[in-house]
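Just so it is clear, A, B and C label the chains in written order, and each chain counts residues from 1 on its own.
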């Protein structure tokens, strides 16, 4: 599946949300459904790094769950490489907000996990895991269990254990959420470095506008619930980027202000009518 | 910038050693306070023990009739007689055998039944009401049933001990199977885990700490089951020995029996304590249930 | 994910349509699942009873297992003669008075121990020893002391309850957030006020957990003591049935015991909801 396949996938859209609606039944409470997504349409081309931003609860994470096949749209369809996603989509990689490392497996065994499921021979998967572990500077911690690692180390482990199996779309749901500001920026830089290696398609959910600008090619702004796409920004800042100095790049301020204005009106809207 | 001497009153070159001095002094004070506290605890604890023992010895036969509380000396004599005559070992052997067999069968049954019920949600919801009803029957009440079914020998005690163990292991193992964080399941499924992969890499390992925690508390429970069986009907075992002493109105014998039973349970609990830290990858989990 | 507030103003007819469809689908799924589960539960129960009544006798001797109809007969007969009610009353009085005594003494004991951390530290190993000693081993002793009447049963029931309530309360008090105590001290709370106004309310969930689960232990204490030596009560009914090889009576007794335990547990939960509406109860399942 080398050159010929690549040529065809390049012309094919990687991810395509077509008229997607998603209604939830909130568990435990009344049976009143809540509309999380309404009329969501967007496409992502192969190799694009796309961030989804918007007020809390606007259904950004729901988009990722739909693409991973963990839940189904109430109406409309989610396409991955031209095929409708109808069950668990094992050709994406999913990096969740919690690191979700298996607590009973060492760092090495956690990184190997996906290759183990794919039936890769032990020697080979250990070698590849070792390579990735070294790549993010976790060498020497191979036999440590997750609870013996720091928050930043666990995040790195969560990222490389997903990148190791070369899925062409990587979903990231606020992966750096609970980290302190410095660790965040360091990990953003590392993520960019890893991404540049093979340039997979990335859908990245975040609250942090600076993070979105630093990482993405495009930024989709969602409205408050029901979430729908309000605006689609292109980030034209040159690559490779340096997250430590991203705010000094020409063009950053204008983009940031535009994004913030969009989001602020959404937050005010949901305040005004939702909580009341 | 001002000279450090102005602030501390110590020349800057000595600052480091001065800091060390302060730290050493602080450490010394802390250790001394700690030592004092430990000394106080040990003396006070021994004091309480000695006082209780002396009070018991003196009060027995003076304030309280011998019949109610035999003096420690009398109890020791009774224990010594049992030990020397071999009676103690003879009876302990039966109780311990019933305990270990009950522990083995009960935990095995608990784990094996929890397996299908823990991973099949619908099956669990269907059977749950029956387990809840069965669980609210005090295990003790099943004693006469088992004796009626299996006679006076070892079997009813083993069955009763198993029954005591079974529910605790069962409930905790089911919990272990069910309490798998949804995130772990989602992530591994997206990675391409098959049903078997999920069981092997996520669900089983998640249950292990729960099973270990249950196994830690159920050995004493098995012993209690065996002894209850012996209380109700038997002609050997430590439960029988104690009850026989009671029917002869031998207070010293009964107290000696209670002490032996308590001692064995205590030793069992202590023996199984290391299980709490058996898994390097996590801390102890909380257990449900318990029996005595 | 947090709940999503849906501003009514932004809902178009298309939105309403999707919501209504999702709600209908959810209701159908819930209804179908409930139907399957309820009918399976009832089905299993009916099957077991029928098999016990008509089939089990072919596998094992009838006199070992009896039949549901015979058990029902014993229950009805016992009700008619009044003997069953008398036995239930005796056991209930033993267990419930033991329960109340155990709870009260456990709380009071923990209260005094909470006043002094030092005293607790000194006594800790002894308390842990007593805690791990099987209380039911004391049954023969109590019976020898107090004979056949209520006393040994009540005492054993109380002892079974006492330690759980006591240890839970002490553990609850000791796990209180230190910051809470410090703040109260800064506000000038006296030692007594600290214990009654801060420590006990803060430890209330742990205390209630101990109180909520222990009635069945009181029943164990009462019944076991009745097994060993008594002339009345449900335990006596069961053990006498067993000696007379009357398994139907044994099962009838067990049914009543289980019903009693479940009723009282439900009552305790109801009472807790009335008295302490803020305490959160764990719901099983």
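Basically, a contact is a pair of C-beta atoms (placed from the backbone, for glycine too) under 8 Å apart; a residue touches a chain by one contact, two chains touch by 3 or more.
Just so you know, these numbers come straight off a predicted model, no measurement behind them.
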Most remote chain, CA-based centroid, reference being chain B: A
Interface with more contacting C-beta pairs, comparing A-B to B-C: B-C
Centre-of-Cα separation between chain B and chain A, whole angstrom: 47
Between chain B and chain C, centroid-to-centroid distance (C-alpha), Å: 20
Residue numbers on chain A that touch chain C, as the complex places them: 21, 23-26, 29, 31-36, 38-39, 56-59, 61-62, 74-75, 224-226, 269-270, 272-275
Touching residues on chain C, where the partner in the complex is chain A: 1-11, 14-15, 18-19, 21-23, 26-27, 30
Complex contact set, residues of chain B against chain A: 181, 183-184, 186-194, 197, 201-202, 205-206, 208, 279-282
Residue numbers on chain A that touch chain B, as the complex places them: 68-70, 88-90, 92-94, 96, 98, 100, 102-105, 113-114, 116-118, 145-147, 162, 165
Partner chain B, residues of chain C touching it in the complex: 33, 36-37, 40-41, 44-45, 64, 121-123, 125-126, 129, 132-141, 143-145, 160, 216, 219-220, 223-224, 227-228, 235, 238-239, 241-242, 245, 247, 250-251, 253-254, 257-258, 261-262, 265, 284-285
